[in-house]
Structures are given as C-alpha cells and as structure tokens.
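Next come two complexes built around chain A: one with chain B, the other with chain C.
This part shows the complex of A and B:
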C-alpha cells in the first residue's frame, strides 16, 4: 500500500501545478503571438512564430492604448507603494501598543478593529465614494490611498499584533531596565525581531492593493489615477483592442504579484496563516 | 479626534511625541500613559472615519431616498427594499449570486481539501509546489478574467480547441453568455481558481497539526488509507475547513471582478455586487445601492456565522 502512494501523490502534485499554471501559460502564449496566429482555430498550443511585438508596442510604442497602459502601471505602483508604507507603519505602531501596553479602552478598540474584518469590504463602497467626493478626493492618489489603508489596516494590525505577542517579553524588559524608552525598545529590539512579520504584512498588503478593482473604478474616472486593473478591464470592454495586446497587458499586470508570490511565498503563507487563525 | 481628547487630562504632558518620550520611562508608567493612545490613534482614526462611520451610513441611508436624480434626500422606510425586489435585474442577480456561492464554496472546499492532502506530507520540492499553488491567489481578479477569457474563447480558446483537436465535437461552442448555469459555473470556476489557494493553505495548516502517530496507529489497526482520511484527516481538519468555507462564502457573495470582465452587464451572469454598482454609480440611486449593500452584508454575516456553527469544532488532541 505504501508503495502505491508516491505515484498517486505525484499525479496529484502534477495536477496542482497544471491547475495553477495553465491559465497563466495560455495568456503568455497568446501575448507572444501575432493576432492572426492567436485567432487560428483550433488554437496553436505552442506558438509557432513567437514575437515580442506586443510588449514592444506597449512599452515603447505611441498611441492611445500603450500610453494608457504605461500611465496606469505608474499609477498602480504609486498607489500600492504608498498604501503599503502607510499601512505597515501605522499598523506596526498600533500593534505594538495593543500587544504590549495596558491602557483603558484597549480591548474595546481592539475588538472594534477585529469586528470590521468580519464585514465585506464593499459594505462601505458607496459611503466612501461619497466621503471622498465631498472632500474633492476623487481622481487623486490621496483618495485611493486613504481608502486602501482603511481597508487593509485591520488585517495588518492583527497579523502584527500576533507577531509581537509571540515575541518573549523578557527582551523588552531587559531594554527597559537599561533605561531605554519604549519607542527605542520598539525600534532597536522589537522591530529587528519582528522583521519577518513586517515583511509578511507588507507583502500581503501590497498584493491586496494590487488586486483592487471596484474601489479604484469608483474613485477614479480618468487616466490620471486609474490603476492597471481598471484600464485593462476597460480595454477588454471596448472589444477593439487585439486579444494579443490585451494578453500582453494582462501579463504585465500579473508579473509583479506573480514574482512576489513565487519569491516570497514563505512570508506570504506565514502571514496569511497568522491572519486567519484565531 | 476622540482619542486625542484624552491629552489635556495629563498635567505636564503637552501631547507631542517628543515630550512624552522624555517622561514615560518604565518608572513613570503609573500616571495616565499617553504613549499607547498616540500609537493607536492613527489606526483608530482611520477605522472610525473610514470604516465604522461609513458602515453606519450604509445602514441608516438604506432607509432613505438618496438619489442624484430625485433630490432631496428624505426618509423612505422600506421603499428602497421594495423597489429592489420589484426590479427583475436585481432578483435575477440575487439568484445568480446564490449559484455563485453554492458552486464557489463547494468547489473551493473540495479542491482545497484535495490540494491540502496532496501537500500534507513533506517531499522534495514541496515549498516550490506551494509557491506555485498560491500563485492564483496573488493575482488580480480582473486580470484573471482576461487570462480565462482566452481559455473560454469560442473559436481559439483552450477548451474549444481541445474539443476540436480530440475530435469530440465541432469546437466552436459559445461557453459564456448563452446558457445561464453554464455561464455562472464557468465564471465561478475563475473565482474558485483565485480563492482555492487560501482554502488549501488554511486546511493544510490544520492537517499539519495532526500527529503522524495517529496515522501509524490506524495503519497498525488495519485501517485503510481511505478510511484514515475519513476518520482522522477530515474530522481533525474541521477548524481549517470552517475558516476556508467562511472566506469562500464572503468572496463569492461579493463576487464582482470575474463576472464584470467575463460577461459584462448581461443578466446571465450579473452578481448582486454588480447590480449594486450599476444602481449606485450608473443610475445614481444611492439609496437603493445602500439597501442592496446592507442585504449583502447581512447575508454575509449570517452565512459566516452559520458555517462556523455547523462546521467549526475545536479540536483537542
């Protein structure tokens, strides 16, 4: 019986890999074909005449679509980068206080924070749009980043709280006895120890921000702040953009999150598990 | 605002981080300590202003007529809800979403258990396989819609091409937009692709806690691998399965990106979240949008709670 298992398990492993990779392969394949080859029916499973023309067109070409894609790439990097930095800094400070300090109202605040995680994010879609609209923050990076940060702070604080809580108190006490201020203890003693937790939190926040679609769709009506996801969806809706070019844009949009997921998978896995086990 | 109002009560401390830094040493902790409030204030402000207040807004305003085309804002009782239920597109989206949840939670849980069992025991290259397995989770739903539209394409898509190459049929079936249940199942498959990695991870984490001796003892007692799966693996994985089902239920109840990209506004696949978007941001009827959001939120909370009650059992080993 034991001898039979490896074959069964290896076929399972192969199926898992195929399931994850086939749609990605298909988009990459389409993106390096000419439009005529991509439209052949039945499809070419392996491109016979691969070309990088679509990428060249998007990255260096002129015209409406390439310029929108380049601007949207810049937008998404700015929005995700800012949202990640602000979220991680604020969540670290709050998580330290929640995990290590006693103060009145701590539990109430902490549970209120956790309760917001139980609500679907879209509960606040319309009011957030109206708030941002009344503050004149529609079509600004600030508006999008504020909304992202408010959405990601609860999970980020929770993951970091769990991380700080798992570190031994003795380290800090030693620091405090030596006369260091608590912020110095946080900065010099705890942050280096919590680095894996902080990296996990930053990666997860960044990936969540990168995947956003409905919030930026509502909060940005023109190309000045629309991220890549919004622009790609609108290109798809127009039905005039060649499928090869659309797939090249799609591959560009998944390149960053795919690279992060493949390189830092251990941090992401640990962070997700720390964030979901209660 | 609320948390900084504590500041004047402490004599001597003017509230700035610089002055607080000099005083709040280990010995000075007995006095009302400002530092923790300063540390949590930004998060508290964000949560109060951009999560709690908007949530209250949604609840209250769903009972008001709030429409850019029909001002002013006024109390309307259950008007928004009755108008929603008389709207065929909304009712059809409610049914569609029910199917999305059913297909999505079932498939992602089954696949999640399968993937977790495949990854349960260590083998060479396991971390690489896990990295590839979580890949779909990390990608934006919109772009996943683009990736899969290439698979579903009626002429040159992977599915139809395989059908034609293997001589199983003509290979030009319109997969999306024609048959309602097929459309929903295929769109949901794309979302399942995205949410299953997290399900698998959560279930895998529960499986890692099962001691190997349990399987060894079962084997000595003549228990087959199949019955070990039913009697050991599944019962002990329940907490992980419950959390996985809750995350799947939340994601599928709020599905938007995949149907929006793959099927547009067509009634065959439109979800409740899509109707919320159309009603609020195309018809500018915020009142009905609020009401529909409230319905989705309440349903999400009820289903999450029910899943936890039914599936979650604390496992004592």
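This part shows the complex of A and C:
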C-alpha cells in the first residue's frame, strides 16, 4: 500500500491539473492559430502554424472589436486598481481599530461586518443598483468601485485584522510610551510589519475584483465603463468576431490575474491563512 | 444578431436559457412586490432625443441609423450585449425600477413571464399590431393575455433538413411527407450503409433537446401545454408522448448515434450535419442551409442539404416559432421615440435593406430572415435567401410553441423536459416515467408550489 500511495497521489494531481489546464491550453492554442486552422477537422491539438496576429490585431489593430477590448482593458485596470486601493486603505484602518482599540460594541460591529460575507451577492445586487441609480452613479467608475469596495471590505478587514492581532502589542505600547499617537504608531510601526498582510489583501482584492461579472454588467451601460469580463462576453453575441480573436481576448483577460497569482502565490496563501494558526 | 435563424446564434441563444434561469429567478424574487411593472412615466418626446437600444447583436449600419435620425430627429445609441447578459440586465433594471434602455430584446420564451410581470409596454398602444399580424406571422408568439409584448424583428422557426445526396444514394424518396415515410427512409439509409447513424438528435441535457421535442411533438399532431399550462403529453396516444417514444426509439434502434447522448444542438448541426455524418436533422433551425451547410469553411455538404416540409402524421406539419423580438421596457425614458424606432426597424423597407436585398452596403451583419413575409419574399426573389422558396410557406404556417404564450415558469419547465428526456435516452428511466416527471413538474410550476 505504501508504494501505491505516491502513485495515487500523483495520479490525482495530474488529473486535477489536466482538468484545470486543458481549457486554458485550448484557449491559448486557439489564440495563436488562424481561423482556418482553429476550425480544421480533425482538430489540431498543437498549432502547426502559430501566429501572434490575433494579439497584434487586439493590441494595435483598428476596428470596433480591438478598440473595445483596449478600452475594456483600461476600464478593468482602473476599476480594480481603485477598488483595491480604497479597500486596502479602509480595511487597514478598520482592522487596526478592531484589533487594537477598545470601544463599546467592538465585537458586535466586527462580527456584523464579517457576517455580511455570508450574504449571497445576488441579494445585494438590486438594492445596490437602486442606490447607485438614485445617486446617478450607474455607468460610472465611482459607482462600480464603490460597489466593489462594499463587497470586498469585510474580507479585507478580516485578513488584516488577523495580521494586526498576530503582531506583538509591546511594539505598539513602546511607540505610545514614546509619545506617538495611534495613527503614527500605525503608520510607522505596524504597517511595515504588516506589509505582507497588506500585499496579500491587495492581491486578493484585486483578483476578486478582476473576476467580477454580474455587478459590472448591471452597473455599466456601455463601453465607457464596461470591464473586460463583460465585453468579452458581449462579443459572443456578434457574428463577425472570429473565435481566434475571442480566445486571444480571453487569454489577455486571464493573463494579468494569472501572472499576479503565480508571482505572488506565497502572499496570497499567507493572506488567506492569516490567523488560522497561533 | 443573436438569432436562432443562424446556427451559431441558435446554439448560443438556446443553450443560454437554463443558465439564465438562476440569475433571473433570484432577481425576480428580489423584485417581487417591488418595482415590478412600475412605469417611470417616460417622456412622449419623439424628436431631438437620444434613445438607447440594447440588443444582443452588432450595431445597425451607421448609414441606416443616420437616415433614421435625419427622418425623425431621434438619435440611437446602440448597446451590444450577449443574450444572457442582456436578459440579466432586463431583469435587474425592471426589478430595481431603473432605466437602462428604451428598447430591448423580448425573447419568445420569456413572453409569458414578461407579460405577467408587466415589465414592458403593450406594443398595441404604440403600433397597429393588428395590421402588422398578416405580414408578420410570428407576432403571435409575442402575444400574452391580449397584449403584444414585443415585435419580432426577424423570423426563426424549427425546420427539418435533409442531406439529399444520402437519401438519393439509398434509393429513397428525398421528400418523405409523413413521419412514417421519413423514419423508413432513415432506416433504409442505415441499412444501405450510407451512414451508420442517419438521424441527428441532440440528446445532451440542454435546451436544444427541449426544442427538438417541441417540434417533434407538433409533428405528431400534439401540443406541449394547453392554454392553462396543463401538460398534454402523458397519454401514450398524445403527440408529446409519441414524440418522446420516437426520439428515444431512434436512439435504441441505432438511427441516432449512441454518442449523441452528449451532443448539443449546435454540435449536432456543426459537426454531424455539416460534416456529412448524419443524413437529417428533424428539428433544425431556419436559415442553417445558407448560414452553415452551404458555407465551405464550415461544411463538407455544400449544396447537398435542403429544407424538407416537416413530416407529420398525415403530411407536412407546422413549424414552431422561436424568434426574438424587440419591446419597450417600462423604465424607458422615451417610449414614444422607442416605438418609432421599432416601427422603422421592423418595417418592410428596412428589413429588405438589412437582408442585403438592396445592396451589401445596406445589409446588416448576421441578419438571418426578416420577420415580415413581404421582406422574405423580396429577399427570395432577389436571390438573397438560400432556398427561400422552401422557407416562405413554413414561415407562413409557423405557429407559437405555446398557444397561450410561453408560461412564466418556462425556464424551469424546459429544464425538466431536457433532464427527463435525457434520462430516458440514457435508459435510466422509461419514456412513461420521463413524461410523467415532466408533467408533474409542469403541474407543480403552474400551481405556483
């Protein structure tokens, strides 16, 4: 039995990897094929004449589709970037307060905040849509970013709270004894120590924001604010978009989060595990 | 356009409906008692305004839109979203009583739901729909509770396609008129070894299977639901029951490939029919000969496939409609201006332009078959519609899938149809159990429990 275990384990790993990576491979493969090759029968499992023309067309070409993809790429970067910055700033302050300050109702507020994570996203969609509409924020960056922040703030606060809670109180007390006020202690002492947690939180927030579809779909009305996820889906409804170009757009859409996840894998795992062990 | 009239769009449109059900159901439940059906009291202004038209398709040719603006003073802002996303937007906007477009998609399968919820203005208040009915046969699919929820802007209906070469090679009549003759012809094709599995039925548990059964049910002289939403297919002599038996029997007999159990309607068309691996699709989509089978890039059967009047019990059966339309949501800012746009968009003149009859510069990319008979006739006589002569009588006689309009609970019903039929095809339940399962679900849904 002992000798079989590694084989079984590796079989499982290979199976899961294949299951996850084959669709990605297929998208990448199609994105570097011509339309004729991509549609050939029998299917080409490996491109015989790889080309970057689809990426060139998307990134530098003229026409409706490339322009929409470029604009949507800009939109998603702006929306995710702003949402990440605002979320991390607010979460840092909130997490510090919940971890270190003593005030009436602290635990109640903290758990109430965490409880909002249990709400299915759909249940907040319509109220948020109405609020944004009444504020005139539908189809604006502000509206989308505010909704992202409201959605991701609880998780970000929780992650950072666990980080702050794991730091020695003595450091903070030493700062206070030396005459620093709380914000100075937070800025000069705790934030440098909590930097891994902040990076983790920023990454997780950014990746979650990047994957959003339903909320930006509802809250955006046209290409001025639609992110890449929404625009790529909308291209399905068009007759003139080659599948190779669509796949190239899809690969671009996953390239950024994939790169971040691969490069900062350690931070993401640490962030999600923060506070899980003493 | 996201049309069933063309194969690529058809596969997309049909496979989406069940996916839509979840999001829509949540949105509906969120909106119950809320803004549903509430009107924002849009402006009656019809000049000097900009309206938003949201459809799942490319923008209309700019020259056409410019002409419309010159003639009416109405500027059109076109928003293109995929079909699923658009339905979600429609539901979210109506539920939140929030404006998102002045004119948008009304799909045949959602007519009952939209009519009951009152999310769209009745089109008869804006256009002479009675006069329009004669030239737009599929308008009937958009009527519910005495109101017209949307106007079809193209035609889509289920048709039978056959590979004439295969029928001829087997020495059988390439124009069987009854389903008995048709089935026998398929048996001969199989027996002569022309192809091993001559019939294409997409048995995967997906919307395409439901649609196929509806058409086959009609061919057997039955209907799926009556006007009260009651199941009409539990009696073994009913059309629906016999249709299910015929479909499952074709699989058991080997007329349908065993692998079809996992084949969707789009795969069935694109791989099996277009690559000459089957001889016929009983419930195909109107327009596929021109948009798929006669296109060398996607087909090896160019010039070999033609439409067959759908074989019925005693002769050709009616073809069922599944078109998309356009309507005015209650939150529209400029409903009167939107109505003017819809009138123009669905006019005979524009439809012939969009269909390419008056030159490629006026053609609308991906526009399959006009909803107006007069435009289809012009398209056919101009040589712009492949086998238009065969399609015209089918369009004329096409009828709604549900005589009383698609029920509000259509997505759940369709789910029950394809789940049970798929199970019957796999042999995990009998046809009788499948039909009873679907009927039970229909009863449960109709009673609101």
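The working rule: the second predicted complex is superposed on the first by the 253 of 278 C-alpha atoms of A that agree within 3 Å, B and C clash if a C-alpha of one lies under 4 Å from a C-alpha of the other, contacts with A are read in each partner's own complex, and residues count from 1 in each chain.
Please note the rule applied: contacts are C-beta pairs under 8 Å (C-beta built on N, C-alpha and C of every residue); 3 or more make two chains touch, one makes a residue touch a chain.
Bear in mind that the values here come from a model prediction, so they are computed numbers and not experimental data.
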Clash-or-fit label for the pair chain B, chain C on chain A: clash
Which superposed partner A:113 touches (first chain B, second chain C, both, neither): first
Chain C versus chain B, contacts on chain A by residue: B
Partner chain in contact with A:222 - chain B first, chain C second, else both or neither: second
First, second, both or neither for A:138, with chain B first and chain C second: second
Chain B versus chain C as contact partner of A:214, first or second or both or neither: both
Touched partner set for A:150, first chain B, second chain C, both or neither: first
Chain B versus chain C as contact partner of A:247, first or second or both or neither: first
First (chain B), second (chain C), both or neither touched by A:126: both
Which superposed partner A:160 touches (first chain B, second chain C, both, neither): neither
Contacts of A:36 with chain B and chain C, given as first, second, both or neither: second
Steric overlap of chain C with chain B in the superposed model, located at which of 91-99, 181-189, 235-243 or 379-387: 91-99
Intersection of chain A interface sets (partners chain B, chain C): 39, 41, 120, 122-123, 125-126, 129-130, 214, 217-218, 230, 233, 236-237
Complex contacts: residues of chain A adjacent to chain B: 1, 5, 9, 12-13, 15-17, 19-24, 26-27, 30, 38-43, 45, 90-91, 93-94, 96-98, 101-103, 106, 109, 112-113, 116, 118-131, 146-147, 149-151, 153-154, 157, 176-177, 179, 181-183, 207, 210-214, 217-218, 229-230, 232-233, 236-237, 243, 246-247, 249-250, 253-254, 257-258, 260-262, 265-266, 268-269, 272-273, 276-277
In the complex, chain A residues that touch chain C: 36, 39, 41, 120, 122-123, 125-126, 129-130, 133, 138, 214, 217-218, 221-222, 230, 233-240
Touch list for chain B against partner chain A, complex: 17, 21, 24-26, 33, 35-37, 39-40, 42-44, 46-47, 49-55, 57-58, 61, 114-115, 117-119, 121, 123, 127, 129-151, 153, 155-158, 160-162, 164-165, 171-172, 193, 197-198, 201-202, 205, 224-225, 243, 247, 250, 253-254, 256-257, 260-261, 264, 273, 276-277, 280-281, 286, 289-290, 293-294, 296-297, 300-301, 304
Chain C - residues contacting chain A, complex: 1-2, 6, 8-9, 12, 23, 26-27, 30-31, 34, 52, 56-58, 77, 79-86, 88-89, 92-93, 95-100, 275, 297-298, 365-366
